[in-house]
Every structure is written in C-alpha cells, then in structure tokens.
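Next come two complexes, and both contain subunit A; in the first it sits with subunit B, in the second with subunit C.
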Partner chain A sequence: MTGNQIMFILFSLMIIVFSVLTVTSRKILRAATFLLFVLVATSALYFMLNYQFLAAVQLTLYAGGIVVLIIFSILLTSHIGEKFESPALLKKVYAGIAVVAGTVLVITTILSYTFQNNNSVPRSVDMTTIGTDLMSYGDNGYALPFEVISILLLAAMIAAIVVAKKIKTK
Partner chain B sequence: MQTGIPIEYFLITATVMFFAGVYGFITRRNLITMLMSVELMLNAVNINFVAFNRYLYPNLLEGQFFSIFIIAVAASEAAVAIAIIINIYRNYQSIDVDKTDQMKY
Partner chain C sequence: MAFSIYDLTAFNQSIHEALVQNLSPFWALIVEMTIIGLVFLLFYAIVGLFLVYAERKICGFIQNRVGPNRVGPYGIFQTIADFIKLLMKELIYIKNADKFLFNLAPFIVIIASFMAIAAIPFGLGLHAIDFNIGVLYVMAVSSLGVIGILLAGWSSNNKYSLIGAMRSGAQIVSYELSIGLSLVTIVILSGSMQLSTIVEQQRNCWFIFSGHIPAFIAFVIFLIASTAETNRGPFDLAEAESELTAGFHTEYSGIKFAFFFLAEYMNMFIVASMAATLFWGGWMPFHIPGLTSFNHVMDFIPPFFWYMGKTMVVIFLMMWFKWTFPRLRIDQLLKLEWKFLLPINLFNIVLMALVVLMGWHL
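So, the complex of A and B:
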C-alpha cells in the first residue's frame, strides 16, 4: 500500500465518520466542530487530486468563513452546552431506512458502471489558467457564469443586510 | 493523476457524505443544524465534480470551475440563511422549525 492510498483512506474515513457525527451529535457546537473537520478533510482530498487553488478556496471560504459564521450564529441563538432532545424514534427509523436504501442504491450503481479512465494530457491548473479561463468567452471560457455569480453575490450581500437590519420603531 | 486510487472510492465517500446530509435534513429540527446538513450535501457534490474532472476529463477544467461556483453559491446562501435565522430568533426567541408556524395558515 503506497503512502498515497494510506492518506486517501485516512481522509475518507475522517469524512465519513465526522459527517455522520455532524448529523447525529446532540450538542450543536460539537456538530459545528465536526462539520469543520469534514470540510478540512474535503480540502485535503482536493490537494490529493492536485487542485491546489480549489483546495485553498475550500479552506478559506468553507472552513474559514462559513463555519465561523455558523458558530457565531450558534452562540447568538443558543446556550453553549445546550443539548437537543433526540428526534422521535419513528422519524429516526423512517429517515434511516430512506437513507440506507438510497446509499445502497447509489453505491451499487457506481460499482456496476465501468468508468473509462481518460489518459489525455492534463490541463494545468495554475492561477494564470484559472484567471484567463474565468474572463474569456471563447473555448474553455467561463465569462457568463462568472458574471452571473458576481450578480448573485451582490444580491445576496444586499439581501443579508436588508433582512438582518433592525427595524427602528419610533 | 492519482495512482492506485480508483475513482469509485471518491464517489463512495461522497455518497456517504451526501446521505448523511439527507439524514440530518430530515431528522433535525434546529434551523442551524439543517443549514449544516445542506452544506454537507453541497460539499459531497463538489467532491463528485472534482473527481470526475480529474479522472474522466483531465484535459478540461469544467469540474473545477463549477465547484468554485458552487462554493460561491453556498457562501451567499449561508449568509442569507443566517440573516433570516437571526431575524426569526428575534421574533420568536427560538429557531426550532416547529415553533415558527405563524404564516402557516
């Protein structure tokens, strides 16, 4: 077993265990911390696939931004040691059946399909390529989705400010 | 190219992660934990995109760019969702989905 495989098994086990813990833990702050571990392990997988820029974005935006935002809002809305009551047994059973059935179905589908590995020369993923691709509108250009995402971010920013603003009552 | 790791392993990891998110979305009743489940699902899809890009079409970069766009959408979604959650908390002193039923009828 090569070092590569050992690292992959380590990170994928981390993802599986901590994502299950995220949705079953009854303490909300712990659930947020487990989510952080999942996101960091995901970024490690991106590093293993040689997508350095994507891994860095994942670390800064997800692990650095979203998780901190979630933890702040947890601290604003609930007590630190707060424990949920466990969800109703019937709900748990139904959800468990649906989820296990879905997982088994998807995994059998994946295993029964043979993927054709493509051995053509990989395109480089350095910053220059990413920057020119985002701005170009020819082949391999993503100018339109880039503009759309810019508008979306602006709209989301304004919406978040408007929604969260305290309404003055005189 | 990753030697010795078949693409199926990445897909299986992502599948388990996605369905953990589905389970959380069904069973949780706190709005913030539901948001966390949604983040898990989005992340699982990202892993799929990137693995397909690296193994099946390494000469293109579509998977990587769409992962970046999904991350941007997830970030703006989290920002708006948390603004709404804080507002709900202000009005109801709780973020339980069972208690926020004023507009239901």
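So, the complex of A and C:
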C-alpha cells in the first residue's frame, strides 16, 4: 500500500465516521463540531488531489465561515444541558431503510462505472487561470454562473435586511 | 560538502538524498515530515518562551518598571520557570461542562496555528510547504482558530466564558475581512499568491516602497486588523480581565491553558511574519536600486536574521499598541471595522488596481 492510499483511507474513514456521528449525536454543538471534522477531511482530500485552491476555499468558506456561523447561532440559542430526544422507533426504521437504499444505489452506480486510468501530468492551477476563467464568457468561462450567484446573494442579503428591519408602528 | 547559511536549499537537498538512498520513498517522506514537525515544535517552544519574556520586559519598560529580573541575568529564565510551573499545575475537572468539547477546544486552536506556520517562508530553502495559493491558505487555516475559542467558551458552562467567546467570535469574523482585503491589495501588486514568488519579487524593492501609497494604507490596515484578529490589546475584549475575569479560558488550567496562551503568542508571530513577508520583503535584505555597494553590504546578513528581525519589529509594534492604548468597547470595535476599515480597504483596492494598471508602482 502506498502512502497516498493510506492517507486516502484515513480521510475517507474520518469522513464516514464523523458524518454518521453528526447525524446521530444528540447534542447540537457536538454535531456541529463533527460536521467541522467532515469538512476539514474533505478539504484534505482536495489537497491530496493537488487542487490546493479548492481545498483552501473549502476551508475558508465551509470550515471557517459556515461552521462558525452555525456554532455562533447555537451559542446564542442553546443551553449546555440540552439534548435532543431520541426519535420514535418508526421514524428510525424509515430512516434506516432510506439510508440502506441510498447506500446500495450509490455503491452499485460507482461499481458499474468503468473508471479510465488518467495518465495526464498533474498540473497546478494557478491564480491567474482561475481569475480569467471566472470572468470570461467564452469557452470554459464562468461569467454567467458568477453573475447569477451574485444576484442570488444580493437578493438574500436584501431579504435578510427586510426581515431584520424594525416595523414602524403607527 | 560546504553549505552556505545564505541558501539552505542544498542542505535540504542533501538530507533528502541521504534519506531516499537508505529508505523507501514512503518512509523517507514519513521521516522528513517527522523532522519538520519536531523542528516546528522546538521553534514553538523557543519563540513562545521568548515572546512571553519580551512582552513582560516591554510592558515593564513602557510602565516604567524593571520587569522580570530575579531568575537568571535580566530575568531571562523567568518564563522557563513559569512554564515548568504551568506544566505541573493540576488540570481542574469541571463538573457540568461538556467534557468532550472542553478538552477538544485547545487542540483546535493550536492545530490551526501549526497549520498556518507551515506555509511561512523563513529563508531561502527554509520553507516547509510552498503552495501556489500560499496567502489564501494562511488565511483559510488561521480562520479555524476561532472555532476553538467559541467551543471553549460554550463548553465551560460559564457566563463569562460564553460572553468572551461571543465577543471574540464577532471580532475575529469581522476583522478577517479587513485582513483578507489588505492582503488582496498586495496580491494585486504582486500578481501571485505564492509566498516564495512574492518574496522573490521584492528583491530590488520591498512592496511597501514599490506600492507606495496604497501599499502603505494596506499595511496600516493589516496591522490594526491583525492585532484585533489575534485578540490582543487594545482589542482584547474577549478576555477583558476587569469585566470577564479571563474570558473564554477562565475555566482552563495547567497545560490546556498553556495551549491557549502559546497559540495566542504564536498567532501574533504568524501575523507579524505575514506582515514582514508581504510588505517588508520577508527574508530579502534591504536593497536600494542603484546603490550596488550598499546592497552588497546588506547581502552579508543571512536571510533568516533579516526575516526574524523584521518579524520582531512588527511584534514590538503590536506590543507597543497593547500597552499604550486603552481597551475599546465592543460597539466601538465593530464600528471601527465596518464603518472605517472596510470602506477604506475597498477604496484602497481600487486605488492599487489603478496604480498597477497605469504602471505607477516602482
């Protein structure tokens, strides 16, 4: 076994174990912490693929941004003694069936797909390429999705302001 | 084989070749990683002890006191004695705390700072990982530290800790924007995020001189924002002693407290070395274009000393801030970021883009 394989198995195990723990933990802040581990291990996989930009973005946005926001809102609302109640048995059974069916579906799809061995030299994606591709509207350009997402974000921000705004009472 | 202290690349290469000859590539990699890890651990211990001593001496000097002066000449062994005392302290057990998160929090804080320091260039050949997105990587991993602080505050089950953690969270999340944008200003000037390239481009002229006005504004903003980011005075609301006893680490004792303490000082070291690398040329000697003999004299000082000297100057500035300015209130702190630093920063980026496009930089 090569070092790469060992690392891959390690990170995959981390992702699987902590994903399961995220949904089974009955303390909400612990669940958020396990989610953090899942996201960090995912970015480690990107580092293994030599795609450092995506890995760093994963760390900044998900681990450093979204998890911090989640933890922040938990801090404001939850108390240390709080625990979720265990769900009803019937719900557990349904959830179990859904999980098993999903796993079987995904695994059979992956196994039936014939992966081609890619011998091309790994190339480092530099900042300039990412920047020009993000802004170009030709082939490989991402100008349209970039703009659409910007509009979505703007709408979300305006909506947040409207929701948070105090309503004037006459 | 002779090695020069001006370029350690050959030295590293010889170690690498010796390992590859005797071991399989996998074990050679493991041994190399272990060596680098041990070097960083040793570096952490030395720099941590030195910074605590320096802080106490500078604080004493500013407050017209002597500072530590009993243990060893000029009190230089004081911090070592304190550290041994800290290691022997009892780890106090907290009954109603969330033990798992309580024990995890110090590790998240210290691991985040370990990950950040790996990407910092200490000298020619003294660079653990040279990512092509180095600046973004340092930003990304240093933003993980705040999670440790938030978890520490919440899991202690203590109101002071929780308030401290909330303040610290609000502060770090907002000041991260300023740090990021002031670094982007320099990235625009340099055209690269790779730290080795950025240092190399400053061979003839440091960025703070070649980028003149926008680079200087970015440097001042970076200095303010990074002082806030590392939770140091005058922005140390998270652990304001007079109001919150000690903020998020009130309940921690012994080695766990030492982790927070060490991480705070090492984060200061990391932001200071980022300031030195991006604005003051990292390990590059001070060169003035045209003065060949002067530049030649400067080249005699080894890169590592240049790097450490610049970093220490920035650290001295940050300590000077801490002991000179009174602590801000939380509303003043957030106003400073969102109403002043952020708009100035956005304007500054446009200015820098204009300077680069028109070729007005040196």
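The rule is short, and it goes like this: the second predicted complex is superposed on the first by the 154 of 170 C-alpha atoms of A that agree within 3 Å, B and C clash if a C-alpha of one lies under 4 Å from a C-alpha of the other, contacts with A are read in each partner's own complex, and residues count from 1 in each chain.
As a working rule, contacts are C-beta pairs under 8 Å (C-beta built on N, C-alpha and C of every residue); 3 or more make two chains touch, one makes a residue touch a chain.
These numbers were taken from a predicted model, which means no experiment stands behind them.
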Of the partners subunit B and subunit C, which touch A:52 in the superposed model: first, second, both, neither? second
For A:91, is the partner it touches subunit B (first), subunit C (second), both, or none of the two (neither)? first
Contacts of A:68 with subunit B and subunit C, given as first, second, both or neither: second
Could you say whether A:157 touches subunit B, subunit C, both of them, or neither, answering first, second, both or neither? first
Between subunit B (first) and subunit C (second), which, if any, makes contact with A:2: first, second, both or neither? both
Could you figure out whether subunit B or subunit C reaches more residues of subunit A? B
Tell me which partner A:115 touches in the superposition: subunit B (first), subunit C (second), both or neither. first
Residues of subunit A contacting subunit B in one complex and subunit C in the other: 2, 53, 57, 65, 74, 76, 125
Interface with subunit A, subunit B side, in the complex: residues 1-5, 7-13, 15-17, 19-24, 26-30, 32-33, 35-37, 39-40, 43, 46-47, 50-51, 54-61, 64-69, 71-80, 82-87, 89, 95
Would you mind writing out the residues of subunit A in touch with subunit C in their complex? 2-3, 27, 29-30, 33, 36, 40, 52-53, 56-57, 59-60, 63-65, 67-68, 71-72, 74-76, 80-81, 124-128
Within the complex, subunit B is touched by subunit A residues 2, 4-5, 8, 12, 15-16, 19-20, 22-24, 28, 31-32, 35, 38-39, 42, 45-46, 48-51, 53-54, 57-58, 61-62, 65-66, 69-70, 73-74, 76-78, 84, 87, 91-92, 94-96, 98-99, 102-103, 106-107, 110-111, 115-123, 125, 129-130, 133-134, 140, 142, 145, 149, 152-153, 155-157, 159-161, 163-164
Residues of subunit C touching subunit A in the complex: 25-26, 29-30, 96-98, 100-101, 104, 131-133, 136-137, 139-141, 143-144, 146-147, 150-151, 153-155, 157, 162, 165-166, 169, 173, 176, 187, 191-193
